[in-house]
Every structure is written in C-alpha cells, then in structure tokens.
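Take a look at the structures listed below.
One chain, subunit A, appears in both complexes that follow, with subunit B as partner in the first and subunit C in the second.
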Partner chain A sequence: MGQTLVYGVLNGALYGIIALGIALVFGVMRYLNLAQGSLIILGAYGILFLFHLGVDPFASMPLIAFLLFLLGGALFWASFSRLIALSEAGRIKNSLLISFGLMLLIDNLATLLWTGDERSITPAYSGLTFGIAGLRFPLIGCVGVLSALVIIVALHLFLARTYFGKSIMAVSQDHEAASLMGVNVNLTCLVSFAISVGLASIPSALIGLKSFSPTVGIQWFNKGVIVVMLSGIGNINGVFPAGLFLGIMEAISVYFFGAPYREVTGLVVFVLVMVLFPKGLFKRQEL
Partner chain B sequence: MMRRRAWITFCLAALCFGFLPALIRSEYFLNLFLMFFLYVTVAQSWNLLGGFTGQISLGHSAFFGTGALITRLIWTAGVPIVPALIAGSLSSVVLALLVGVPCLRMRSAYFPIGTLALAMIAQITVANLFPLPGSLSRGYLTGYSMLSRYYLALLVAMLTVAVVYWIVRSRTGLALVGIRDDEAAAEAMGVRTFKHKVFALMVSSWLVGLGGGIFAYHQVSYYYSAPFELSWSFLPTLTTFIGGLGTIAGPILGAACFLGLSEIFAISLGEVHLVVFAFTFILVVLFVPGGLMSISTKIRSLTARIARRATRV
Partner chain C sequence: MMLRVEHVDVRYGDLQVLWDVDLEVRQGEIVALVGSNGAGKSTLIRTIAGLVKPSGGTIHYGDALLNDKPPHTIAASGISMVPEGRRLFPKMTVLQNLEMGAFLRKARPQKETTLDWVYEIFPILRKRSHQPAGLLSGGEQQMLAIGRALMGRNDFLLLDELSLGLSPLLVKQIFDVLVTINKAGITLFIVEQNVPMTLKIANRAYILETGRIVGEGVARELMESEHVKAAYLGMA
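For the complex of A and B:
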C-alpha cells in the first residue's frame, strides 16, 4: 500500500505539471487546448531525436522548451488569436474545435513521420531506484516531482512578482479592464499561450522516459484537463494539489480494482466532479 | 415547394442507390457505398445534436460502440438481425439517458470534454471486458451476403436523413435551433431547453446506435472495442463541419469527400487523408463556419451577380 502511494504521488506530480500548461491558457484566455497532449508527445519526439545524437534528455529540455515556446507563439498568431474577441462560451467552444483539428493534425503527421510504433528514451539511469524506509523510489519519478515543484514555484513567482506576470493575471480577470489599464491584451495572450506550450517540454521529457506513441497525446491531455477541472478554473495554485489528489486516487483504485481500470477511475472522478461540483474542489470562494 | 424538392431528391436517391447493385457487381464498390451509408448515418445523427442543437459531442463513439456491441451479441446468439438491430440501437439510447444526460447538466461549453471522457471510459472498459476479437461462426459465414448488408445500411442511412429532416422542419426543430443560437433567449421564449436537449441527444444516440448495428452486421471479425475507438467520435465532427454544420446535405457531402479522399490516399499514402482533413477542419472553423455548403451558395450568388451584371451591360 505504501509503495502504491509513492507511485501515486510521483504520477500525480506529472499530472500536475501537464495540467499547469492547460490551466494557464484556460485561466487567462478561456481557451481549452485539446492539442496540449499532442504537443507534449511532439516534444518527446524532439527529445528522443536529440537523445539519439547523444544529448541527455534533461539537458535537451531547455532547447525543446524554447522550440515549443516558439511553436506555441506561431500557433497562437496563426489561429487562436482570432478568437479573442468572442464571448467566453464562444472562446471555449471554438478554441476546443481548433485545437481538436490541431491534435488530429499533429497526431497523424507524427504517425506519418515516425510510424505508430511505441518509443521510449532509455538513458543509462532510466531504471535506477533508491530505497528509503523500505519503499522504492524511482530516480526519474523523483526528478519529475522536483522539477514540477521548481516550475510551479517559478511560475507562481513570475505571475505574482513580475510586471508582465501581473499583466497576465489582470487579463485573466478582465480583458477590457486590463486593456483600459494599458495592458497589451493580444501580446499578453500570445506570450501566455507560448509559455503554456513551452511548459509541455517537462512532461515531454518525463513521458518520453516512460513510453509514448503518436496517439497517446489525448490520454495525457485528459489527465491534465481532469486536474484542471478538479482544481477549479483559473486557479493555478490549486493545480499541484489536484494533480497529487488524482495520482493518489488512481493509485488507490489500482490497489482495489486492478491496473486496467486506472484510467477509468480518473475519468469517473472527473465526470462526477463536473456534475456535482462545477466550480472545482480546490477553488477558494470568489470575491 | 422546398418540401416537394426534398421529397423528389430523397426518392431519386433511394431509387439510384436501390438499383445500383443491379449495375455494379463488384464487391469493392458495394463495400465502398456501404461505408458511405454508414458515415452518412453517423455524421447526420451527430449533426442533429451538434449542428442543429449546438451541443458538440465528442462521445458518439460510445453510443456507436454500444449499438454495435449489443447488436452483435444478440445477433450471434441466434436472433434475426432486425430485432437485434432495434435492441442494439435502443441500448444506445439507454446509455445516453444514463450517462449522456448528466453531461448535458454541465455548462454547455464543457459538454465536449465531458462526452469525450465518457467515450474513453467506454472504450477502456469494453477493451478490458472483451479482450478477444469476435468472429462470425461458420453458420453465419456461409449465409453471408453483401447485398443484404448493403440494403440494410441504405435503409438505415435513408431513415436517419429522413428523421433528422423531419425533426428539423418541425416545431421541435425550431426550438433546437433556438437553443443553438441563444440558449438564454430560447429559455426566455418559453422553450424548455433541457428537455429539448435531452430529446436531441436521445434521437441522435438512437440513430448512431443503428449505425453501430450496421457495423456489427457488416464486419466479419473485429475487436469488440474497435467501434468504441475515438475515431468514431472524431469522424462525424470532421465530416459535418467540413460539409456544413446544421444543414441536411452538409454531412452527406462531408462523408462523400472523406471517403473519396481516404480511398485516393489509401493506395499510396496511408493516413494522409486525415492530415488533409484535420487541416481543412481548422481552416473551416476559422474562416468558413458554414463549410462546403456555404461555399456552394457563395459561388451561386457570385455567379448570379456576374450574370446580372452581364445582362445589364
């Protein structure tokens, strides 16, 4: 049981970091980026390519993050920027449709380019574990938790302390008021979209070290969106606890119902939360 | 006038497709047309919910798969196909009532995600419960005739188009379109929006369940989870948007394009048609919300304008 919980927490951290990218875009622009999972897988292919050239996956992460950042900016500029003027419901619906097309596009291009085979990045340390108090801790999972914590704290500081971060928060609260205060709404949206796509590089590395194929993107997106809905929309600080919550829930379900129904548990929890608590579990009362 | 023209088109199409097997004996073409009818059924039933009522569902694979699963199980147990088909499609409606209706309770912008989650739950569960492919036994194989599959698929596709047309032209159809265009306004005008959305979901899942039954009747051997694959949710979304959302002819046109492209590319390039379709889909959502149908009316008005200018000169 203890061991199951360890794996739950490690997976939960990964879910949290996937959800971070989705939550940022959703919070600021009310865009639901269905393609986030596919972008993560795209990043994983990039890391795999560099790994074959002899670069360590964690070392190539910043480069992939930068490339994804540029790609995100380009995607926003080419398509998503056209939706900013729409109403909130219109933005959710249309961004969902566009990113749905984008997801199919990326997945099928990836299948064409790299075949549908399952891949995995295998550096020398990929199977290492260490033991504390009788429990096994896989090295990569722990690095994942650590990087997730670092990124979340960094993002929080960026949003709360820097001028640009504050303008992102302002846009997330009210587009019109922010633009009246002199915030360049379009630029802010573009940069936050690009950041959210860039954030995909961390799960890229972590998922790449497990295993991936062109079509699994949507499953990882689902984990992310479950976490976002659990934490409550626009609540970036709740993403990490919600991710851990989902990870632990799944671990417990594996303990009771067996591994095949792990995915189902998360999805059932999601549907129940959507129907019963539409505002999320970790949302503070709005002012 | 409009109604008579629709009637004539409908009867002509029925006649053409009805006599087609007398002219074309090739199994390949019959198969192709059967897939066309299947795609039309799935896309048109999706269109009732997504195009006319404005509730974009990414969960139709769950209803399609349930129809296929139940029809297959009852049919292979020895029941004739027509009762099995009816039972299968009704089981899709039951599933829609049990799990789809809670999704309609969500804010409508989250309906796609909720239904997507349902589709994934259904796919994983069925893949776990039925890990082996289901093949027809020898008795069914010796009696296998392509023609009966062809006509049943044609019947279901015609039924789907007729039912959707009839609903859309009725008072209920007006209420559905009202919900799509402005839910709050429709509610204020006295439309019971939730009841109408449930009705649209039920009819849509019934029709797509019939399509699933056709799939089960047609395929000789497949994994029980195959009709639950998410591509059966993505297909109607793509084809209906590209053909023309909220029109009767749109999904038919979209399905024809999709099938044509996939056949052209199947010989040489495999999955390229999906790349082309996904890209076109993004362009349609961004620039041509009416799809191919609106392009044809645009061209018609353009040629009319040119003709008018020409006669004036």
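For the complex of A and C:
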C-alpha cells in the first residue's frame, strides 16, 4: 500500500505540472488550449533528439522550455491574440477550435517526422531506484516531483511579487481595468501564453522518460484538464494538490481493483467531485 | 490647453452614437459632461481613455494625438480613469488594488508617498487595506476606485458616473474629495447624471443630448439656464 502511494504521488505531481500550464492560460484569458498535450509531446521529441546528440534530458529541459516559450509566443501572436476582444464564452469556444486544429497539426507533423512508433528516452539512470523505510523511490520520478515543486513556487512568486506577474493577475480579473492602469493587455496575454507553453517542457522530460508516441498528447491533456476542474477554475495555487489528489486516488484504485480500472476510477472520482463540490476542491470562497 | 476633442464621431457598427463632438479641458479645471441616460456620455469618456475608437475627428492631449493609441499608452501619457461601475480587481486586497494603480513606470518610485496621500484622503481604505476589494461596501469601493486612479500619479483624471448607486451623503462626501484632489493640481473631467451636484463643483460644463453637444458654458450660469433647469434640475 505504501509503495502504491509513492507511485500515486509521483504520477500526481506530473498531472499537477501538466495542469499548471492549462490553468494559467485558462485563468488569465479563458482560453482552453487543447494542444497543450501535443506541445508536451513535441517537447519530448525535442529532448529525445538532443538525447541522441548526447545531452542529458534534464540538462536539455531549460533549452526546450525556452524554445517552447518562443513557439507559444509565436502561436499566440499568429492566432490566439485575435480572440482577446471576444466575450468570455467566445474566447472559450474559439480557442477550443483553434487549439483543436493546432493539435491535429502537431500530432500529424510528429507522425510524419518521427513515425507513429512508441519512443522512450533511456539514459543510464532511467531504471534507478533508492529505498527509504522499505519503500522504493524511482530516481526520475523524484527529480520530477522536485522540479515540479520548484517551478510551482517560482511561478507563484513571479505572479505575486513582480509587477509583470501582478499585471497578469489583474488582467485575469478585469482586463479593461488593467489596461486603464497602464497594463499592455496584449503583451501580458502573449507572455502568459508563452509561459504556459514553456511550462510544458517539464512534463516533456518526465513523459519522455516513460514512453510516448505522436498521438498520446490528448490523453495527458485530459488528465491536466481534469486536475484544473478538481482544483477549481482560476485557482492556480490549488492545481498541484489537486494533481496529487488524482494521482493518489488512481493509485489506491490500482491497489484495490487492479490496474485496468485506474482510468475509470479517475473519471468516477472526477464526476463525484464535480457533483459534490462543483466549484472544485480547493476553490476559495467566491467573492 | 490640456485636452482637446474636435469633431469626434463614434459608431458601434452601423449605429452612430456621437456626432461631431467638440470640447476642451484646460489645466487645473473641473469640467463636467452632463446629460441623461443614453446620451453618449460614457461613450465619450471611454473614447478619450482609448477603450473605444473614434470613427472620425481628433483627440489631443497636450501635443499628442490619442486617436489610435491603446488605453495603456494613453494612461502612460498622463490620463487616468475611474471607470463606471468601479471595476476593481475583486480578488485582490485593497492594498493590492492600490499597488496595481501604481503600475505606471513613473508612479512606481513614488508609490509609498502616494499611498500615504491616498490613505490621508480616504482613511477608511487604510483600515480595510488587507480586505479583498470585492467585500467592500459600495461607497468604499468607489473610494478605492478613485484612490487606485490617483496612484498612477497622472495630472488628468476622467471620472465616469461616480454617484451611481451611492447614498446622497456619500455622493456629497466623494464630491468634496474631488474638490480636494483638484486643489492638489489634478485636472478633472467628470461625466455625471447627478447634474445639480456636478454643476456645483465644476468650473465649466457641456451638455450632451442624443450624441451631440447642445450646450456649454460656465457651470454656475448653466444652472440658471431655463433649459437646464427644466431638463435636469426638475424646476419647470
């Protein structure tokens, strides 16, 4: 049971960090970026490519993060930026359409470039584990949790302490009022979008070290979006604990019902939470 | 001349709401734009702030042409706005809202001094500084909206429908504050439905009816005019 929980926490941290990118864009702009999963997989191919050149996957993560950041900025500039003037409902619907197309484009491009075969990044340390108190901890998973925590704390500090971060929060609450304060709303949205795509680089490495193929992005996106809903929409701070919650619930279900029921349990938990706590598990009282 | 609006037309799609609007605001003045509901007052003030683009005419602030500038550039060039409905950041605390007001680069170094000044004008905001803005009363929210605009350290303030939804006592209190702010050297352009209150503190006023300026003059004299008395002051 203890060992099951370890895996639950490790998976949950991955869900949490996937959800963070989705939550940031949805919270600030009300864009639902369906292509986030595909961008994660695209990053994984980038890390794999560098790995074949002899670069360690964790070492290449910052470079991939930067490239994804630029790609995110370019995607926003080319397509998503036009939706800002729309109503909230219009932004959700149209961003779904654009990002769905983008997802098809990236998935097919990846198939074309790298075939549909399942890939995996396999550095020498990929199978290593260490033991504490009779439990086995996979090294890669633990590094993943640590990097997720570091990024979440860094993002929180950025949003809460810097002028630019505060302007992101202001735009998310009232973009017109923010513009009257002197905030360049278009630029703020572009940078938030680029950050969220850049954040995909962490799951890129973690998923890359498991296994991936061109079309699995949407499955990871699904996990992420479930975590965003569990956390409560607009609540970025609740995303990580919500990810852990989903990971642990899945792990417990594996322990009791066996692995085939893992996905089902995750979805049942999701539906139950939505019925019992429609505003999410960690949503603070709405003002 | 601080603000000069010349021959401005505004349309929303096929619907024209402002026709050939001319007005000017000189440094240090309190100028009011009065008119009934739907006359286009808010549209005009939103056009000056850059939230609505004019389809014709020019808007100058000093020597700068504002027509095509986005709102954040207009804010940086010296015009702040207290929008209709306060438009606070509801999940931020009072203090965080005020800090957002000091977002402009030139306002940042003076943030602490300006904050003290705003707290001096509205002592209640100091008491509420760590409460979320969304939990304040209507009057407190309006004070915070004014305070937030003052934090930008701009010399020109656009005020849109401050009195909406406030008790007469609070309206009086807030209009007294406007006079204080004006004495500190800030030029005010006020859009209001509360005509008597506004004409009492304004130097000059314009009357907007169905999208056109139909009258202008010294505020005190306008109060005496038969048209204003009949249409806005309820004196037949």
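Everything that follows uses one rule, which is that the second predicted complex is superposed on the first by the 280 of 287 C-alpha atoms of A that agree within 3 Å, B and C clash if a C-alpha of one lies under 4 Å from a C-alpha of the other, contacts with A are read in each partner's own complex, and residues count from 1 in each chain.
The working rule: a contact is a pair of C-beta atoms (placed from the backbone, for glycine too) under 8 Å apart; a residue touches a chain by one contact, two chains touch by 3 or more.
Note that this is a predicted model, so its numbers are computed, not measured.
In the superposition on chain A, contact of A:V183 is made with subunit C only, not with subunit B.
By the touch criterion stated above, A:K93 is placed in contact with subunit B alone, subunit C being left untouched.
In the superposition on chain A, A:R82 makes contact with subunit B only, while subunit C stays out of contact range. Once chain A of one complex is fitted onto chain A of the other, the partner contacts of A:V225 are limited to subunit B, with no touch recorded for subunit C. More residues of subunit A lie in contact with B than with the other chain of the pair subunit B and subunit C.
Using the contact criterion defined above for the overlaid structures, shared-chain residue A:V6 touches neither subunit B nor subunit C, since it reaches no partner. For subunit B in complex with subunit A, the residues that touch the partner chain are 56, 58, 99, 102-103, 105-110, 112-114, 116-118, 120-121, 124-125, 128, 230, 234, 237-238, 241, 270-272, 274-275, 277-279, 281-282, 285-286. Interface of subunit C with subunit A (complex): residues 49-51, 70-72, 75-76, 80-81, 83, 87-92, 96, 99-101, 103-104, 108, 132, 134-135, 148-149, 152.
Residues 163, 166-167, 169-170, 173-174, 176-186, 287 of subunit A touch subunit C in their complex.
The part of subunit A that touches subunit B in the complex is made up of residues 32, 79, 82, 88-89, 92-94, 96-98, 100-105, 108-109, 111-112, 218-219, 222, 225-226, 229, 260-261, 263-264, 267-268, 270-271, 274-275, 278.
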